[in-house]
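Which chain is which? They are A, B and C, in the order written, and residues in each are numbered from 1.
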């Protein structure tokens, strides 16, 4: 077999396909334990909140998934940037996987935020600044995913998406700032201000556990997705080579 | 600087091409006016509500019409096959971007020049407010920078005309909010100090995005 | 005809390429191309559709980045000295790359500005005369036929006197008269010391205009005449043999 550039993925895929390594199994177990713990703590153990009653408990999931939604986009941004500079497909796999997982978490953030808001403000959507910024983030994610699938071919899709990721990430802080200013001029329901939470230490602890659990879940999902991509890329490469007719 | 001359040549070329046909400027201006008319029918603000609705209607018209017009920056070049010729020329990619962005900026100003009077007439508002000019210029600059960049991105994909607004609008949120906020204050006759934060956001956005778009442009047109 | 400036290039190679590969997703368009073309030399590139001819031309033209491998145009690597490399290139592709709403002359002036061509008006007229399109200088490109546009495109490629000329099937869509003009223009360019790389389907024309033949097949160089004298029949036989062989 003649030497050929870019065949490293075969070896990577080989390692990946030989089953989950020990550290990954350990992380998976840890994630499971943390999730159960978080659920218990959030739904049963944490004290009832003074102002909101039981409704507030969704906060223990809303905050972590929102946090992950933004972190995931940061990863997409960094991955995309690295891909543009180095051209190595591994970076793009990370960026794309993080975007796919991130958009799910963003949807969850919007859903939990909306559900939380309903009993408090009696409306499904109050244009709260943080939720609104997350909504725009969601739209940017969608643009990222769309440009990937609408590109003429896959490496171009990766490159264009990386460009979109860079442009889209930089606007997030500017967005938040301008949306918050807008809302301060046109006041309305807001999670931070109206719906003040009296935080007790127990709640803080619960939040930490939940944060850890959700972040770990995100990491595991991204790892799984990256491996799937690597495998699928390796298969595609082999198929293409065979499709041309024999070993070159 | 030679590069400036080359970027200037691009602006000249786009301007001449557009002037010859005039089809895009005209259709975009007409579209903008249509948006205002439709807005009026849809929201029926009446003389009291006009002040509240006006700045939003104006910027919606400009942004929607402008997004249509942005397609000309690169989508048309790609479709007509001239993008390759441009990329062959010995000048840095940032210079191509600068030329295209400037051409889009001027194009947008021309469209706005048509929309502002129509706006004043249909919505019966005072037009010639000097305070509006810096807002127009700043917002249009940000719009031109981001629009040109995303036009290059969309040009390399299928479903180009759809991709451009999908990519562009979420990133333009700060520009839209700031432009509307500042314009509303100007219409209401408020002093600059009251809306200066909006102007600061516009300036910040422009600085960041003109530079970022110029830098990232190379990757958008690379193959 | 004196040149306005005498530029001395200390190295003898017009084009050098090592280990060029290009993948689009999982498809390989180029599978390892090594190529060298001396200054002033000429090369005809043959190959069936899908052999990678156009991709190779695009990579050499710096329009497309190779997946691996290196290119040097007149000693300049497009990755580091992009502008110097592009200045040395004149490219004629399948599309004329002309702006339809502008006149022939305005198109040349635009490209002339971009390439910083000295004495632009005079030079533009000169190249237009070479392709016999000077009578159409004020015509908008939109009103011209494809053959005429290709002629203007050739003028555009020659405008800045590039030391390296890349042509991708320039004979497509040209009538007899235009083909004669093409041959003449290429002969003139060669006489002026321009290196020419011509991708073509036309075996006879390619042979007549150049001194070396390369056959591309499935992204690889399947045959290189390496300057040995070649006649049309031998080339045709070789071409058939090489392209029908198992990859």
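The rule is short, and it goes like this: contacts are C-beta pairs under 8 Å (C-beta built on N, C-alpha and C of every residue); 3 or more make two chains touch, one makes a residue touch a chain.
Only a predicted model underlies this, so the values are computations on that prediction, with no experimental measurement involved.
Among the remaining chains, C is positioned farthest from chain A, on the basis of C-alpha centroids. Counting C-beta pairs in contact across A-C and across B-C gives the higher total for B-C. Closest chain to the protein centre (all Cα atoms averaged), using per-chain Cα means: B. As a whole-number value, the distance joining the C-alpha centres of chain A and chain B reads 32 Å. Chain centres here are Cα means. That of chain A falls 48 Å from that of chain C. Rounded to whole angstrom, the centroid-to-centroid distance between chain B and chain C, based on C-alpha atoms, equals 38 Å. Touching two or more other chains at once are residues 222-223 of chain B.
Taken in their complex, chain B has these residues touching chain C: 2, 5-6, 9, 12-13, 16-17, 20-21, 80-82, 84-85, 87-92, 222-223.
Per the touch definition, chain B reaches chain A in the complex via residues 146, 149-150, 153, 156-159, 163, 166-167, 169-171, 173-174, 177-178, 181, 197-198, 201, 204-205, 208-209, 212-213, 216, 219-220, 222-223. Taken together, the chain C residues at the contact with chain A in this complex read 19, 21, 23-28, 31-32, 67-68, 218, 246-247. Every residue of chain A that touches chain C in the complex is listed here, in rising order: 4-6, 153-155, 236-237, 239-241, 244-246, 248. Listed in rising order, the residues of chain C touching chain B in the complex are 58, 61-65, 82-84, 86-87, 89, 91, 93, 95-102, 106, 110-111, 113-116, 140, 156.
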